[in-house]
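The chains carry the letters A, B and C, assigned in the order they are written, with residues numbered from 1 in each.
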Amino acid sequence: MAIIRTENVTKGFGGLIAVNRVSVDIHPEQLTSIIGPNGAGKSTFFNIITGFFKPDEGRIFFRDEDITGLPIHQIVRKGISRSFQILNIFEESTVWDNVWVAVQGSLGYGKELLGRVEKLAGVEEETSRIIAEMGLEYEGGSQVKYLSYGEKRLLEIALALTTRPKILLLDEPMSGLPADERRRISAYIKQIAQAVTVVVVEHDMDVVMAISDRILVMYEGRILASGTPAEVRQDVRVQEAYLGAMP
Amino acid sequence: MLGTLMAFTLNGIVLGLIYAVVALGFTLILGVMEVINFTHGVLFAYGAYLAYTLQPFLGFWLSMLVAPLLVGLMGLAIEFFLVRRVYGQNPLFGLLLTFGLSMALEEVIRMIWGRVGRSVTAPAFVAGSLDLGFMLYSRYRLFLAALAILVILAVWYFLMRTPYGAVIRAGAFDAEMVMALGKNLPWMRSLVFALGAVLAGIAGVIAAPIWSIRPPMGTAILMPSYLIVVLGGIGSFWGTIIGGLIIGISTSISVMIFPRISDLVPYLLMALVLIWRPRGLMGEKSILEV
Amino acid sequence: MIKSQSTAKQRAFPGLFRSIHPLAVMVIIFAAFPAIPLIGRFLSLGTEVVIWSLFALGFNILLGYTGLTSFGHGAYFGIGAYGAAIAFLRLSHSLWLCLLIGTLVGGLFAALVGLIVANKRGIYFSLLTIAFSQMFFFIAFRWDEFTGGETGLTGIDRQTLKLVNLAVNLRNPIAYYYFVLAVFALCAVIIWRIVHSPFGRVLRAIKENELRAKYLGYNTEAYKWAAFTISGLFAALGGSLYTFLINSAYAFGLEWVQSGNVVMMTLLGGGTVSFFGPVVGAAIFITCRDLLSAYFEHWLLFYGLLFVIVILYVPTGILGAAAKLRKKHKG
């Protein structure tokens, strides 16, 4: 059974059709990457699956359940989580507070109007555990804006994981990272993929080829090809699309 | 009965056209700069007061040209010295800044022109009334409507048919464009702010002969502007015009039918429209909502 | 979290008071007010400060902690005032009951408007709150039978309050001052608890990054609605208390200028950086307004310019500026 299935998903902006009748299955056991030249519709497609955009047409299923048009928080509660191309964390807070509020939500807290934060069972332990796992114990009290870019990226993925997703969508996790940080993050992604279905939109072909089990190639709003890294590399249409997109 | 209804409808159209000119300036500034410009109403008042002061010296036509330009200069100064300094910050700042400024500027009106009402007489060539065939109607109001329509068309031409307008329109719809423009083209913001002020000024000048010119007149016209923008949809040119006409006509007719709640009718309309179409009549999904 | 709470305490009240809870310090300062001879003479001004402090403190849940700029909360203050007045004139002379009704009616209207505006953003949110507040103003202004229209409602009176076997004559201004202060103290504790609760953490998360809060699974619109409604309840309670201060209720209480005032107080004191900002702001704002209007004919000019100066030069408010100064002094 596919974990995510889309049927004829279409989304336009003004006159431009960004995603054009895309129907795909995403399988739970595989690390799937979506690639394609700029403007191919990858990010839009991502945003539709995660509820950020509502599709103009078509439907999205999560484990055969129709989730089209659900509000974001419900989609997240079903088990879909994501990171963003532009870092999306609580920049003004400490690492500890970032993780805390994420853990608090994942354990179903937040409505305690007059409750005491220190009395929420399990939140503190879980927060410490996650921060230790990231290797940021010593950074817990410092504000996020003082972290390195790679550490922020790591934190964002960790925040996305606190919701205990069944599927995690990472939107260009390598963008803006230097080479050594790229190795760190891609190793982390491979590690996550052991437990959670991971989908990645990424420009860095070396990373994509190294980590993916399956690659979807998008071009002009459609799925042009799909297959293993080796198959995609051989595909003539893909080569043409990429060459054609180059200046 | 029918004659009265006609008269009230015509009054409503004239009122709506004035509202539309004011609201057009307001929504332009709102859409491009994400600033609720509380001084917009008081700029309208300055237009009327300047017309009152200048007309004895300059005559009708010349003061109609000079007064809005002076108001435009005021707008330019407000933008350049004050509003410019809060761009890109908490939107609350722009709100409170112009809120305070509008109170101060209104008090300046009281200091210069006093607390009592003033009046401006319409020029002789449009005095009296005109036989429309089915009824007699004030010549000045017809003249005023024609002027307002001319102004609206001129703004439309500027926004839709000139390169400057294209840049401004892009700014009104696209958050990234706004940011890009804010960084690269500060002159555009000054221009838009001045243009908005000029529109308020023009409306004040041409409405002066039929308006009760008193210090709080500026505050009083702000509310219809909000309503029109909400009703018509933020950033929509025709939405603003249609919104202005709807508010004008409904206010005028409800004065005739339910005089007691005539202030309220436009708000009820707004509430209904919002429930039916959350973005207003012609509003597109914009940067201003989730 | 626990760490950042204690630093907030230190920022608001340095030195001497560090060991006492800052809320207690605030209430003690207010309680000493009538004892100071000069201020004692302007007791109704003091009561007004406490009422607006309550309003602004509740309002800051929305403005400072959730990051939503409502420019229409004056309406809920005004509706609360009418609710209490109408309850007094038509239903019961019990102060408790009138306050309760005023608070609930104002809160109900806030809840309804909240449903429409909770999913709107930034300036559009502000625009709608203004429009709705003005709508309520016109309703109050025109509905003569119920609200007294232009003349308002008069003839409200503070009855003697019975606490166990102690009778307190609230007609005495000092007694009413302490009554209002007691209500304020209770509310301040509640508001403190709200902003430091798990719920309050979510509000802060929304302020900082609503999209991330959504992707953490929080129904942010519901939280924003709740913050809107809660701040509306406190506004309405403030309005109800105000009715019994001036023994009347008028439509001008709903006007958008009042809404602007509460925003300004909250910001002026430093509501965006400190829990106590709104209280400091309310005290200074109301005193300034009274002094200016007593000595200058065109005081509104200075009053308006005060807004401009605060926004341009002390945007984090008095407590924000004080904290910055202290930092400079230390480092």
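By definition in this document, a contact is a pair of C-beta atoms (placed from the backbone, for glycine too) under 8 Å apart; a residue touches a chain by one contact, two chains touch by 3 or more.
Bear in mind that the values here come from a model prediction, so they are computed numbers and not experimental data.
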| item | value |
| --- | --- |
| Centroid-based (C-alpha) most distant chain relative to subunit B | A |
| Chain nearest the global centroid, as defined over all protein CA atoms shown | C |
| Geometric centre distance via CA averages, subunit C-subunit B, whole Å | 33 |
| Geometric centre distance via CA averages, subunit B-subunit A, whole Å | 46 |
| Gap in Å, rounded to a whole number, between the CA centres of subunit C and subunit A | 42 |
| In subunit C, residues with contacts to at least two other chains | 221 |
| Subunit A-facing residues of subunit C, complex | 1-4, 190, 193-194, 196-199, 201-202, 204-205, 208-209, 211-221, 223, 226, 230 |
| Subunit C partner contacts - residues on subunit B that touch it in the complex | 30, 34-36, 82, 85-86, 89-93, 95-97, 99-108, 110-111, 223, 226-227, 229-230, 234, 260-261, 263-264, 267-268, 270-271, 274-275, 278, 286-290 |
| Residue ranges of subunit A in contact with subunit C within the complex | 50, 71-73, 76-77, 81-82, 84, 88-94, 96-97, 100-102, 104-106, 109-118, 120, 141, 159-160, 162-163 |
| Contact set on subunit C toward subunit B in their complex | 63, 69, 71, 116, 119-124, 126-128, 130-132, 134-135, 138-139, 141-142, 210, 221, 260, 263-264, 267, 272, 298, 300-308, 310-312, 315 |
